[in-house]
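When the chains are written out, they are named A, B, C and D in that same order, and each has its own residue count from 1.
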Amino acid sequence: MQAFKELAEIVRKEKVAEDLYRLTVKAPDIAEFSRPGQFVMVRTVEGMDPLLRRPFSVHQVSGGDMLQIFFKVIGKGTKALAGMEPGQQVDILGPFGQSFTMAEDSLHILVGGGIGTAPLLFLAKHLLKKNEVYSLRVLLGARTGNEIARVAEDFTNLGLTVDIITEDGSLGRQGLVTDLMTELQQDKQIMVYGCGPYPMLRAVAGICRENSWACQVSLETMMACGLAACLGCAVMRADMQGYVYVCKDGPVLDMNEVAWL
Amino acid sequence: MQAFKELAEIVRKEKVAEDLYRLTVKAPDIAEFSRPGQFVMVRTVEGMDPLLRRPFSVHQVSGGDMLQIFFKVIGKGTKALAGMEPGQQVDILGPFGQSFTMAEDSLHILVGGGIGTAPLLFLAKHLLKKNEVYSLRVLLGARTGNEIARVAEDFTNLGLTVDIITEDGSLGRQGLVTDLMTELQQDKQIMVYGCGPYPMLRAVAGICRENSWACQVSLETMMACGLAACLGCAVMRADMQGYVYVCKDGPVLDMNEVAWL
Amino acid sequence: MAVESPKMNVDIGSLRLSNPVMTASGTFGYGEEFSSLVNLHRLGAIIVKGISLLPRQGNPPQRIAETACGLLNAIGLANVGLERFFSEKLPFFDAIETPLIVNILGDTVEEYQELAARLNDEERIAAIEVNISCPNVKQGGVAFGTDPEMAHKVTHAVCQHFNRPVIVKLSPNVTDISLIARAVEDGGADAVSLINTILAMAIDIESCRPKLANVFGGLSGPAIKPVALRMVWQTAESVSIPVIGIGGISSPEDAIEFLLAGAKAVQVGTANFINPRAAEEIIQGIESYMVKKGFASIEEMIGRARKS
Amino acid sequence: MAVESPKMNVDIGSLRLSNPVMTASGTFGYGEEFSSLVNLHRLGAIIVKGISLLPRQGNPPQRIAETACGLLNAIGLANVGLERFFSEKLPFFDAIETPLIVNILGDTVEEYQELAARLNDEERIAAIEVNISCPNVKQGGVAFGTDPEMAHKVTHAVCQHFNRPVIVKLSPNVTDISLIARAVEDGGADAVSLINTILAMAIDIESCRPKLANVFGGLSGPAIKPVALRMVWQTAESVSIPVIGIGGISSPEDAIEFLLAGAKAVQVGTANFINPRAAEEIIQGIESYMVKKGFASIEEMIGRARKS
C-alpha cells in the first residue's frame, strides 16, 4: 500500500449549504494514487485538541494534483476544518483503504444518503471510463434537499440520470432512498454501490439480498489511525467469528462480509 | 473590582514586525474600565489546547470601546492569536490587577524593554492629561531595533522625547536600557515606571534604589486565572515572609514590595 | 415526553442543594473573587479554598505549569488560616444564600478534629469537605488518602465534631479508590467527592529542571476527566452514600457524563479559570439536556449509564 | 561547546540501540503498516503489537473514543497469535535491520513462560517486552501489574526462558509504581518500560451508555504525559536497571523531558496515529537539542533534571 503525508494548501473552499463544505487542496501524490472509495486522514488543528485525524472520503481528484473532500460539520474537528481558509495548509495522509470494485457488464446503481454521497462522484467518473451513461443510475436520498442538491447537479453534469428523494420532500420525491430501489428494473446484472449512514446501508443490503443483487458498501466507523495499526475500526464479520477492519479491509466492503448488527 | 467577560470582535490586526502583532478589538466594558498597567486574560483557541487564557497588558484604549493588545509570538497561545483575522471573535476577561500610580510633581521616567513596552503607551497618555510633555521621558531598550521602532514612533507622535538603545545597535545607541538611566538628571523628584523582562526590572530597581528614586514595576509571571483564585502567580515578598500575587497585588508593584531573587 | 421545568435539586445528606453544580476547592478562591463575573446565587454550592488551622504561605514559585489539556499545580495549600478565614472571608457570605462548604486540611488527625469543632460553631457553614490528600506528618508523611485505615480515622474524627454533612474528598493516586471510599463511608462520611488532582510533573528542557519548584504537582483539567469518570463509576458501585464527581468538568456534557456514571452532584474546578461562568453555564446546560431527554429530575439521571 | 555529532546510541541490557526512540506496542502494528510513510531503519527499535499464544479477536466495537488530548482504547488485546506472527509478520523483518522487540501477554504465568521460550528460538527477536497489565485469570483476574509478588513471578518465569533482554512494562494504575518496579528488578528484568495506559472511561450522553463496549478502556496520548513523567522520575529513583519512558510523547521536547527525568530510552505511542513520522522527527529533534545544548551523548542527558 502506497501512502503519503502531504502538507496540502487549500486552494478553494465552497460552502455548499448550511454546514456543508467542499475543500479543494493541492496534494499531488495523494491525488495521483487515489481510487474511488478510498479515504484520507486529515489533521484539523495544529494543537492537540481534537487529537485524532479525521477520515474523509476522496470526493474527487482533478488536474492531476488536486484533491477534494466534501464534508459536513458534525463536531469540533469538522468545525475547525470549516474555519480554515484558502492559503492555509492542512496535513493529510492517504490514500487509504480498499476502493470500489468496478463491476463489468452490469447496471451500476449508485445509492447515496446525505453526506454519504461524497465518494460516489469520483466513482461515477471512473465507471464512465468503461461504461455508457445509460448503464449507471444514481439514487440520492437526504433528510432535506439542500444536503444533496449540489452533488446531484454534478452527477447531472456528467450526463447521468439522478433520482432524488428527501425525507421532508423539499427536493424530489418524499421518502427514503431505499424506496427508489424497489422500482429498479432487473434487465441486467445489478451492482449496487452504497454510501451513507449505517441504518441506510443495512436497509440497502437487505433489499440487495432479497433481489440477489451484488452490493458494495462504504462503511464509516471511529478511526484512530487509518493505518491498520490501532485496531479501533473493527466491525463484526458476517460469520460472527471475528472482525473486519474498516480502514484496511474497507471502507468498501462486499455486503456479505459484514454482520449487519 | 469590576471585571467583565466579552466576546470581542477583532477589528484590526497589524503585523508590527516579525512575530510582533497589535490587535484591536471591540470590548466596550473592558475598555471603559481599564487603567494603565492593568491586564486582560485572553482565550487563544476554541479548543482546550492550549488550555489556559494568556495575560496581556492593556496597550491602549480608544474611541471609548476599542481595546488594543500588543504582543510577541512566544509559544502556541500567541501563535494561535497571531493567526486570527479581523471579523473573528476573541474571548477576553478583564481588566485585572493594580494599575500604575500616577506620581505628582515628578519627572516621569518610562523604562521599557522589548515587548515590555506594551503598557507604557497607555500610561504615557494618562500622564499627559495632568503633566507637560517635558516632565516625561521615555527610555526604550530591545534586542534589536524592529522590536520597538513602531512603539517609539507612537511615543514620538505624542510629542515625547524617546531615547532608544538596542543590544545589536540596529536602532539608537548600543547597549542596555539601564545604560540610559545612568544619565538621568536629578533636577526633580523622579518616578520610574519599569516594564520588561525580569532581569531588566531587577537592574532598573537596583539603579533606582541607589539613586533613591521611586520605582514601580510591572511584573510578569505564569498565571492560570488572573482572578486571584489559583494562587499560582506568587512572587516572594521583600520581607521574605510570604508572597505577593501578581494578578491581584500587581502586576504593578512598588519595587520595595518584591524580593528581587 | 418533554418536561418543562425539571427538578434540579439534590440532597447531600441533610444538605439540600438547588442544583448539583458546585465550584471546587482551590479554584474559586473564597467566592468573592468571582462575584463580578458570576451570579453566585445560581450555584449549587460554593466550596472555598482549603483551610488549615494556621495560615500557610504555600510553595515557592513556579507553582503552576500548563500541560496538554491540563494544569499542573503545586500551590502548597497556601491559605489564610482559620482565624483570618472567619474574620476576613466569612462575612462576605452574609449576603449570599448559596450553601457554603469549607474544605479543610491538616497534618494530623487532631488538626482535622479541631478544624471540624471550630467550624461546627459557625452556622453559615453548610458542610465540610475533608481533603485527605495531605501527608500525615505523624505517620511518616504518607497521605491520609492512600491508606484506608488512616482515611477511616480522620473521617471518624471529623464526623464526631461536626454535626452537619461531612464530605470526604478522595485522592486518585491509589490502586483501588473504592477501598478508600468504603473505609470513609464506614467512618461516617455523608458523601465522598472525587477526584483530587493526579500526581504529575513537567520538566523545562531549557533549564533542565522540573518546571515546578516542588518537583511534583497535581494535574487537573480536561486531561484527567476520563480517569475521574472511571473512578466515580467504580466508587458509585461500591458505596451507598452520595458520590460527588470532580475532574476536568468544563461543559454541560462533561457534567452529565458524571451524573450518568453515578455521581449525585459535580464540582467544577480548573474550568473556572478558563471560563469563570463555566458552572453557571453547566447548570443551564444540564437543564436543557433534561428537558430534551425528558428527565424529570436529577435523581432520574443519576447512574443511568450503569443500567443497560 | 557545541557538539557536532552527539552520540545517540544507548544500551538496554545487552541490546544496543542506535538511538533511544522506539515505537510503542499496539500503536505501530507489526511495523509493515508504516513502511511507506516512515523510514523504519531510522528507529531505535520497533515494538510490535502484543502477542498471545493463541489469536485473540479482541473486544466488540466501539473500541476507541477520543477525549481531551487523549485517546481511550479497549482493543481487547486483539492479535494474530504466536503462530501467525511467526509465519505472516516476522518475515517482513528480514529486510529490516532495526531491532525488533516483541510485546507479550498472557492470562497465566505459564502462558508468559511458553511465549518466552518460543520467542527465544527466533534470533531475529532482539528483546521481549512483557505486558503485565493483563488480568491473571488463575488468581481472580487481578492484573499481574498491580501486585508486586505476581509481577515478580511472571518476570522471573520469562527471564528463565529468554536469553536476551527482558523489558517489563508497568501499569500506572497503582498507588506506588516504584514498588512494582523493584519487584520486577528483583525478578531479573533487564529494564522496565512505563507507563501503559491509565484506566479510564467516557459516556455517550445521547445513548446514556459508556462509549466503549467494554465500559473501561486505557487512556493514552498527550493528556497522560505529566503523569507518566512523574512515574518515570519515581521509578528511576528506585531501580538501577534502565527505565524506558512512555506516555504521550509526541514531540522532541516531550522525549527530552523523559530523558532528563531519568529514562534511558523512550517509546512513541499514540503520536504515531497523529503523525506517523513522529518517532523519526523526535530522533532528529533530540539530536538538534543535544547539539544546541552541548550534550555529547544521550548518557549525559539521562536524569539531568534530577541533579540540581
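One rule holds in what follows: a contact is a pair of C-beta atoms (placed from the backbone, for glycine too) under 8 Å apart; a residue touches a chain by one contact, two chains touch by 3 or more.
Please read these numbers as outputs of a predicted model, since none were measured by experiment.
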{"item": "Chain located farthest away, centre of chain D as origin (C-alpha)", "value": "B"}
{"item": "Chain centre separation in whole Å, for chain C relative to chain B (CA means)", "value": "36"}
{"item": "Centre distance in Å when chain A and chain C are each reduced to the mean of their C-alpha atoms", "value": "47"}
{"item": "Shared-contact residues (touching 2 or more other chains) in chain D", "value": "68-70, 221-222"}
{"item": "Per-residue multi-chain contacts in chain A, two or more chains", "value": "48-50"}
{"item": "Touch-based graph of the chains, sorted into line, ring, star, complete or other", "value": "complete"}
{"item": "Chain B-facing residues of chain A, complex", "value": "45-50, 76, 80, 85"}
{"item": "Interfacial residue positions of chain B with respect to chain C in the complex", "value": "1-5, 43, 48-53, 91, 93, 221-225, 227-236, 241-243"}
{"item": "Complex contact set, residues of chain D against chain B", "value": "68-69, 222"}
{"item": "For the chain A and chain C complex, residues of the former touching the latter", "value": "48-49"}
{"item": "Of all residues in chain D, those that touch chain A in their complex", "value": "26-29, 33-34, 36-37, 49, 57-58, 60-66, 68-71, 73, 75, 78, 221-222, 250, 270, 272-277"}
